[in-house]
């Protein structure tokens, strides 16, 4: 059966600054089909679709609707052309009912006869098999219901091309099945449906054709019936590129952090971490691979004490046996507390108690280096705040994904940002800017940070320099565990290599480095082991020196197959 | 008529001042703008109306025309004030609190300067009877319910109807809740904000005019007006952002504010003078309690509009 | 839908972009120019409102001279100007810590008034029964405590239930006003509700009557500057104000900081109230603070919450007030005229921040060049 073309794009190019998001993409959408757009994070899927939906305007190229060239400048233009997009972040007014949201902005006579609206909504719902109560308020709705409202909103405006951006990311398997049934009915009704996704089994089960994008380029469009998971993965991830990262063999890796059965539920009630367990070793880089939003952020924040958990444990293991106690990360009170628990002994193995000694004497003894730990330190970090973790003496550094919104204070200079984690030190009352200033100068010099001065607000620095400041500070903290989330995102090649080298140096110092990345080539070239996370679950643990991109790609995207046997801790 | 009924009617009449003020403020807040300039706007509304009456009060124009001209004068003067506020906070995205406070400083000051130049014989003595229609000349309490009282009730009901029963109202509430979403579906956010803020200011200004020309009908009335502007802002919270609720709320506030003078007149309640200020404090205490209770209950419908106080700036893409 | 040229993009005539940086001197040139413009508009307003000027337009020179005359022409005026500025400065300093934290406390008026009330209450009840020094200390403690309590009530609800602090603190102002009315009726049996100047609890003075107040304001300015800039508390306030998430990341207890900072704000209001009560009035009325609690918000905001810059902005506002008061006197206008002048100047300064923060970019000429290329 010959189908007519509903929409086609020719030579579409979009640049953001120097980054090319889409490069001469040609794409056709037929009437009455479901087309999947498949690709890794940052391959330009959403950007491409945003140009049809009127969010972006292409730099080059043309869009044709039913053979006629069209110009789409705003979402309104798109609506007028009967194109509607359902974004990942719903655009709904929480306080309104479903019907009110659906009718919002519709320019029609009598549009605010809610009875009519309710009837029409029910009509649409019945036609395609939705379940919806038009009178229900959005804030009372589940994610799936909100998505339904967004879809009906688009249908209500008469759209015949629907674009759904990662529609299944937030849904349960039953909800996904229901959604797919609805989509199939719409297809039978002659509507064209485009799904942006990276989940292979969904692509195979629902779509008629698949268009694969990689690094902004359109690789191929294939009939789904001719495709297999592995053929799609190969096209999606491409050939392996060997990066010139200096990777040393881990020396004597020691277990440093045990994560056991972590479970976490986000404020919307979705379980974002499901029984996550792994061990991070000192002296190696543990990579975490996964599609964006699979729980990486929650995992790192949970370890850092920023994410409330519903279950599980985080055990920090400090190989301190027979090592001297220092005041570097332990307060005098903490040392006294530990002494009362008989945690120390002297160089001859005799237990130490500070009974009858004053603070000065205790200080002197500790500083002489002759107060030794009896055992390795083992601490449970669960339900501890970041401050409590630090007060326990756990040297845990964290380079968060949101650099200026979480890791740094944008309006402050480098010096003041250096103090963020350490300002409590020193005499009571006033902050000491001398040491942070030295540290700032050191980081600027060593990492070649380009900045007008130490007091220039970091917000004004370029992305690479912001990241150098952040990573520099976290490393200066002399961590035992260093977690970095997407530390090279948005950075140019040179800055990226600076960061890789910094992480490698930390590894050689015996730090347990946890690296969350998105570029599989980097993960394979930099890490020692790679943990794969998929929808909040660990789906695999591989040796980075032997694993292939396809192997990891499959673990990142498959959901139907049971999780691969997690390799036991080294 | 018995004393309690008089008392109720007086409370209603007094409350109309805040009914105007808070209905206007609700419209503004529903567009996402906390307008602390309402006291200044109400003052200038009073000044604008009286300024017009000062011109036409002695003329041979028919009475109803004088009444309408006065109302229009009050309305347009307040719309002008609203325009200053709108331009600064919507177009220039200035801090709403600071702009509002500056507007109040300006409005209260300018009103006093204007009134020092008006002739109370012209703007007040003649016209005030006209505004008491249809009950002018009666000797009972009903005489204080004039046209502007009924106008206040009508405006409050109308505002509720527009806000909660029409498309325009739906769009306006969307703008105040989530301007990004409103923008995405093609609603002109800036236009809605301007119109709501200016119409709201116009309505609030009528309250000031009503207070001076009708309820108090005295040449010193303008000196005590500012306080009732602030009370109007309190009433918005009490009414949970619903204009029709201001009818009840303003009566309660009017009751609490004026009952001190009634109570001391009633022999069987033995209240000292000192209770007066405590009674006047009650509207504010009640408002605080409402604010606390609604924040603890955290019921979504009773919260301030979500983007209240935040400037909207569509990011350039 | 007809065929359209893809590159015939209809770009709006101009669009706005946030400036990333503006030279400090440029910003100040803009501000000064705008203030000058404001003064010109004030002159125009004066023409409309002042008959004497309409009769004799050359008097406009006198109009502007009054700003100098009102504040600096005699030493008495100068002292008065400095005193007004000092009090305004103190209250502006008081609101600043909370604002730096983005806690919109607009209740300084009430917090200060309650402090005046507290300190006068101590003088009223204990005056003459305890030594003068002790009395002063007690008045001070009462003022600071009252201010603190008045500020803490909304802060606690904000921290616990996220109760809207702007509306809450606004309401607290009026509760304070009527509390004062209440005590005036209780304390003044005659029914006049005017409390005469008390004979007790006067802040000792040296040099000039106002010198102590001015010195305290100066010390407080420097002190708060150091507190905000160099203390650990000040650092925490800045981090919380910038981003709550960053604050949590760095281990700051956000609720604690909110409550502590509001306590500091309230205590500073208390100190201001003490200066008004013990240093100036030895009495209390509902107008003891006279709207300065609101003016202080604008002063603090105009100074970008920097205590040192606040000396400039509080000076400007005080100058406007004393100048306009002089105008009222010399040119025979209503005593509320200063508020009109202040309002106009404020509108201009508020508006000009936009041109400092945003850039207006007109439709690019490059677009038309592109079109031409398209024709080729």
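Each chain carries a letter (A, B and C) given by its place in the written order, and its residues are counted from 1.
Just so we're on the same page, contacts are C-beta pairs under 8 Å (C-beta built on N, C-alpha and C of every residue); 3 or more make two chains touch, one makes a residue touch a chain.
The model shown is predicted, which means the values in this text are computed figures rather than measured ones.
S.K.: Quick check on this structure: which chain has its C-alpha centroid closest to the centroid of all protein C-alpha atoms?
M.R.: Here the chain at the core of the arrangement is C.
S.K.: Please tell me whether B-C or A-C has the greater number of C-beta pairs in contact.
M.R.: B-C
S.K.: Where the centre means the average of the CA atoms, what chain is farthest from subunit A?
M.R.: B
S.K.: I'd like to verify one number: the distance from the centre of subunit A to the centre of subunit B, where each centre is the average of its C-alpha atoms, in whole angstrom.
M.R.: About 50 Å separates the centre of subunit A from that of subunit B.
S.K.: Centre to centre, by mean C-alpha position, how many angstrom separate subunit B and subunit C?
M.R.: Comparing mean C-alpha positions, subunit C is 26 Å from subunit B.
S.K.: If you average the CA atoms of subunit A and of subunit C, how far apart do the two points sit, in angstrom?
M.R.: 44
S.K.: If we count contacts the way the header does, which residues on subunit B are in touch with subunit C in the complex?
M.R.: That would be residues 34, 36, 84, 87-88, 92-95, 97-99, 101-113, 115-117, 227, 230-231, 233-234, 237, 273-274, 276-278, 280-281, 284-285, 287-288, 291-292, 295-296, 298, 304, 309, 313, 316 of subunit B.
S.K.: State the interface residues of subunit C toward subunit A in the complex, per the touch definition above.
M.R.: Residues 1-4, 6, 8-10, 20-21, 230-232, 234-235, 238-239, 242-243, 245-246, 248-253.
S.K.: List the residues on subunit B that touch subunit A in their complex, please.
M.R.: Spelled out, the residues of subunit B in touch with subunit A are 165-167, 170-171, 173-174, 177-178, 180-182, 184-187, 300-301, 306, 317.
S.K.: Would you pull the subunit A residues touching subunit B in the complex into a rising list?
M.R.: 55-56, 74-76, 79, 91-96, 100, 103-107, 111-112, 137, 139
S.K.: Can you tell me which positions in subunit C touch subunit B when the two form their complex?
M.R.: 15-17, 49, 104, 106, 157, 161-164, 166-168, 170-175, 178-179, 181-182, 185-186, 191, 291, 294-295, 297-298, 301, 333-340, 342-344, 346-347, 350-351, 353-354, 358
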